[in-house]
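In this document, chain identifiers A, B, C and D correspond to the written order of the chains, with residue numbering beginning at 1 in each.
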């Protein structure tokens, strides 16, 4: 059996990679993918914990998260596309009309 | 006692709001009707405040005609109004000066009449409420209600730098009052009540150290309002820019809210702290007396001069309160009234000149006595009242403050008395420069003396100036018991039998 | 009954001031004012007669309570209830004063009818004059320091108004202001003295103070302090060192005013007050010595300045200061009756002198400089005669009123053993005689140095002015006989009458000594007159001019009034103004500056300058405000608009929240 | 997993009504076409009204329903009512906005209703899974709402920013919730709470920090607030009314529930956190608002600062603190609706002037609206006699009673600072004259005032005034909502 610590570390790693992706990458689509990574990191932890605690709730929770992630991704893409139509760019640095 | 089925204190407080609604309902085009309505309402308000006298027991030091209704049950705030001699005099002063100020606006204010009179009437409600509220939260509500109309009175109908002056006034006082609000909250946490009477009855529940903090918070609010040096710089600006009526009310009543608050709340509710900090307050008051007088001396603008003289005079009031003796405190209360009358009148005096010449610079005038003899007489009487000529009202207050302070500290008395000398200096110099000499400026040649309406606005003030000066007994009798009651709480040692 | 005395002038002032000023003819105005003064005098006489008949030493009449009682914790720790009534007190001292005030006042009212006949503000003048009489009577009759103070300040106000009566002249309005403010300095002492008595005794009732002092309730030190503070008030009102400088300037007022207020009545209020509080001053002792010394020094000091003045009224003004010094000598050596006696005789001859001087000025159409007079003896002989009587009286010429009163003061001073005071007094008396006759000789003798203006020939004054002069001349001659000393076969009636109030004072001099002293002062006076005659008539003023040239520095110093006015101007007035400027600067720059946040930091935030125009910067108004705005622009820079910055902020927040939570855990 | 008999789906009726209304609005939008721009809005409004009616009829229940996932206690009902109020105000203003600016509002109405379903569920959530799901349920429509206005580039930017940061923060929260589950083996608050009390403290605090981070983000507490000004500026104004009020109400309810049930044992820790957050939020919001030129952005910062006051009440906790929070949230909704509604008052030829200067001389041109706005400003500043004052007052009192005098003082000081910028509006309206009273020929399109917005503002002012004078109207239900828990 894989120790729970390893599962959690994996999840956190995924989460961290996702976070760094959101912060560092300048392409909106890549950032979107990073977001998915974030959520999946959390999912790994949830499922791992569910197994460890021998409780179905972890998995159930993770399934809810997956559903939510899907709809989030859909909405996210829609927003990015709408933006692309106006600016012809995926560059996040262009997003600074609103500031100050 | 009821008026139209409404308890009289409530009626007195909210009657001006009714007036405001009437004024607002009138069509904007009918200027005359608006003016008339406003004057009638302030006049009636004065009449109704006089009506209080019929049911008022002058011999009692307790709160009378108390009206109590639950207001915000969850925090124990009540709608609690009551009146004692101190409040009575101040309410009468308020309704009188508001009436006078409204009357004086008849020709002086021309633009945006409806808003002007609406704000005036709203202001009156706020002021009367401040002097009648016995629930601290209610007091605070009225205290803040006063701010807004005054802000607009200065900001809309004021002089050149009105925007600056208005926001300065608002900010200063708001900073002071939020400090006071925190003080009120802490006080309430100690007493579990906002009820002034209950708090007084409960006595010194709050530990002395905490009292000190609350006292400071209250003091900030009151000292800014009074104003005491070094919180006073909003006052000259506000006065210079405010329209005449605004100045009259500002100097006549608004400043009294500060000293009234100090007497009504700081002293009896925080007796230990008050005892401890009274000397510091007194020293600040002395600084204000001398400092205000010195700065007055240097002013070139009449209104500014009188504004700084207010700083000096209110210093006397605060000294009288901080002395914690019954005589000085009574003198201070009377001095509040006196200052309201004489300084209010002096601002009207300046207003008369301003309306004719559209300047307030002293150097623009000179030699007016020969053109405006009646005006000269009125101005002289008010000048004398302001510098405390015996036989006029100003003296009584100053005399009682000085006599009451002497047993506490001869040095305070001596310094304050220096202020009287300086006071004569700047006021007489002002009078000399404006009224005496030959007419230099050609525009002054054709000045008209007071009109009948203008004289009528001065009349009640003149009568009171002499009345209080010669026969102050009715006024002093009314405040005797309530003031003594408060001083007894703060400074019981003063009343102990001799050892 | 005696309460009616001040009532009439009050009514007169009110009628003339409220109605007369608008609608009355000159005749009606005059009739009202003089009628009021006359009725007041009649009432004073009636009251006096009543007092003579009555066995009571004093009558007290309380009208109503002025200041209702207040608890005062006194120095001894006991609780007193301080109440001030509007009450009046009539005794022999008050009787003398009321008679002098109303009597001399009446004459001066009559004189004014002529003197002011051509003035535009006739009604205003008489209204003020009546008001003054009223205030002075309140001062005299007040039964406590509070009521006394009403009168005290009231006469100050009237003095202010009357000195500055011709307000178009800057010198007049300046003089009025100076008088008022100098008096205020004195009032400072008066108020503090009153405060000290309140603290020490819990009463300001004069009878009460006396009773308490006699009952031993007052420590000597306290008594001295209170007495000296009150005396400071007296020096202001009575123009003694150090507060005398206003009186010469006060000559800017119309001459009858100078006569009434600045010679006969108001300036003696200080004397009256000390006499009124004699119990306190006597008890202190030290205070009494100070009074005597102040009086003596002032008497000589003021006389020196009278030597060099060329303005006829200013000579008389310095003379007044000097003479009041004599009165204080009398009080200071305990001879209260003598001091008051001199007060009375001085009122006669000094108002006579002033009014006569007014007549001279009137004759010369406003000329006041003696260097442009001379030889008037022939042109206005009636005025000359009364003037001479006045001058002789003030010089202490035997048989005239001044002789008796001055002599009594000097004798008492000698008897008290204060020889220095006596010597100064004697010197002062001689000097008085000298400068008075210098004045007479310069004005009425020698060649005519004036130029007659066309259409305004030198003319004798009308009867309405001369009659009061003559009445006063008679009084100046005979006024002394009511106090004729025993030595000269008199019964010292005046002294005994006053001693009903002030208590007995025995000079205790051997008749021989007394005669010797009398001879000395007569000799001094006559010698001084002779000297003046030699210098100013025989040698036409040559010695004086030579002296002035030889001792130029000294002469200039005296002529410039010892530079005291300059000194006061620089040090006190200048000091106050300097302080005022500093305070004003502090106010504008420091306090408002702090508040406005003139701090450079805020200024440098350039964006603000663009955002807010300097005229209406609601935010920038306020100091704290500017700092806030600076903070605000920093915050705005943090808000970059970039997602990754925001995301970092979120992570930072998470770290922050966890750190805080774990830190407390 | 037993549903208490007699209940059935009754507690869910309000949510179901909203859901139905959302579907109906979508249909109406699809079939009414361009002629019925407002039709979907009317449906939405009717739906909100019906949901309110249903809410009034919903019997409050004490215990949890649906296996501990859901509670419908008076506390939840109170917040649901507040959310309905916020939605209704937003929908009303949306009529005005889309009338002038054009665009396709039908989707917006649907999405508002859907988001409200999520919020209503979140308020009732008693299980971490429910909490997360309902959170996402209102978060996702919110992102779309922020970016919905295709005509406006700033709107798309707002949507993207909100989306990325929002998703990031809910992922962080998710991690926290997962940790809670890991530490306790349970997802229901009722079971997890007691278990957390006995668990390893530091781990719990890490979990708590993450959960709170997600909540604070939605509430726009500093330093999680960075998205808020941008989104508030970029999103269509009526939707800003919705986005700046309703989510905060929902979040506050969730916070209160989490604080009591989940992390009740760690009160000392979260109270300190909230104190710091409160001060930071008030200061940041107020200071940043000072130098704004755009009315809308200034009000965005004002909304942040106002949320800071709420945090004072949460930090103070206790009955008084929670009552204050409940009172203030309603006042906050009304004040904010009016503040942003003001932006919609003056229409300058098909556009709204979002600058403060645009309000110059308003008192002369539209005195009624100016007077109402004045009341709103007083309330925002916290000057009596308005609801804003009573609300702040209650918050500060609660803090003082817990000995947090400095916190109250900071709040009071902040309300004084806020005067600076709120009264820039007052000054512009009353003390200044319009830049050019006479429009130059051709260069300026005549402006028009909306009667509807004027009435709207007057309504808000009236509500604020009456709550200021008679606060018992609201404190009584608030207290009973608190005590029921």
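Operating definition for what follows: a residue touches a chain if its C-beta (ideal position, glycine included) is under 8 Å from a C-beta of that chain, and two chains touch if they have at least 3 such contacts.
Since the model is a prediction, treat every value here as computed from it, not as a measurement.
Q: With centres defined by CA atoms only, which chain is the most remote from chain D?
A: Chain C.
Q: Taking each chain's centre as the mean of its C-alpha atoms, which one lies nearest the mean of all protein C-alpha atoms here?
A: B
Q: Going by the touch criterion at the top, tell me which pair is linked by more C-beta contacts: A-C or A-D.
A: A-D
Q: Just curious, how far off is chain B from chain A if you go by their C-alpha centres, in Å?
A: 66
Q: Per the centroid of Cα atoms for each chain, what is the distance between chain A and chain C, given in Å?
A: Measuring from centre to centre gives 95 Å for this pair.
Q: In angstrom, rounded to a whole number, how far apart do the mean CA points of chain A and chain D lie?
A: 26
Q: Find the geometric centre of each of chain B and chain C from their Cα atoms only, then give the gap between the two centres in Å, rounded to an integer.
A: Measuring from centre to centre gives 35 Å for this pair.
Q: Considering chain A alone, which of its residues make contact with at least two other chains?
A: In chain A, the residues touching two or more other chains are 19, 22, 31, 95, 97-100.
Q: Can you list the chain B residues in contact with two or more other chains?
A: 163, 167, 171, 175
Q: Quick check: what residues of chain C touch more than one other chain, meaning two or more?
A: As it turns out, chain C has residues touching two or more other chains at 616, 618, 622, 625, 636, 639, 641, 643, 647.
Q: Applying that definition of touch, give me each pair of chains that meets it.
A: Here the touching chain pairs work out to A-C, A-D, B-C, B-D, C-D.
Q: Under the stated contact criterion, what part of chain B meets chain C in this complex?
A: Listed in rising order, the residues of chain B that touch chain C are 161, 163-164, 167-168, 171-172, 175, 229-230, 232-233, 291, 294-295, 297-299, 325-327, 330, 367, 369-370, 373, 377, 384, 389-391, 395-396, 399-400, 402-407, 410, 413-414, 417-418, 420-422, 424-425, 428-429, 432, 435-438, 470-473, 476-477, 480, 484, 494-495, 497-499.
Q: Within their complex, state which residues of chain B touch chain D.
A: Residues 71-75, 112, 115, 137, 140-142, 144-145, 147-148, 151-152, 155-156, 162-163, 166-167, 170-171, 174-175, 178-179, 181-182, 185-186, 188-189, 213 of chain B touch chain D in their complex.
Q: Provide the residue numbers of chain C that touch chain D in the complex, in ascending order.
A: Those residues of chain C that touch chain D are 607-608, 611, 616, 618-619, 622, 625, 628-629, 631-633, 635-636, 639, 641, 643, 645-647, 649-650, 652-654, 656-658, 660-662, 664-665.
Q: Which chain D residues qualify as touching chain A in the complex?
A: Touching chain A from chain D are residues 128-129, 132-133, 136, 140, 143-144, 147, 150, 153-154, 156-161, 163-164, 167-168, 171, 174-175, 177-179, 181-182, 185-187, 229-231, 233-234, 292, 297.
Q: Which residues of chain D touch chain B in their complex?
A: Result: residues 320, 323, 363-364, 367, 374, 378, 381, 383-385, 389-390, 393-394, 396-397, 399-401, 405, 408-409, 412-413, 415-416, 419-420, 423, 426-427, 430-432, 471-472, 475-476, 478-479 of chain D touch chain B.
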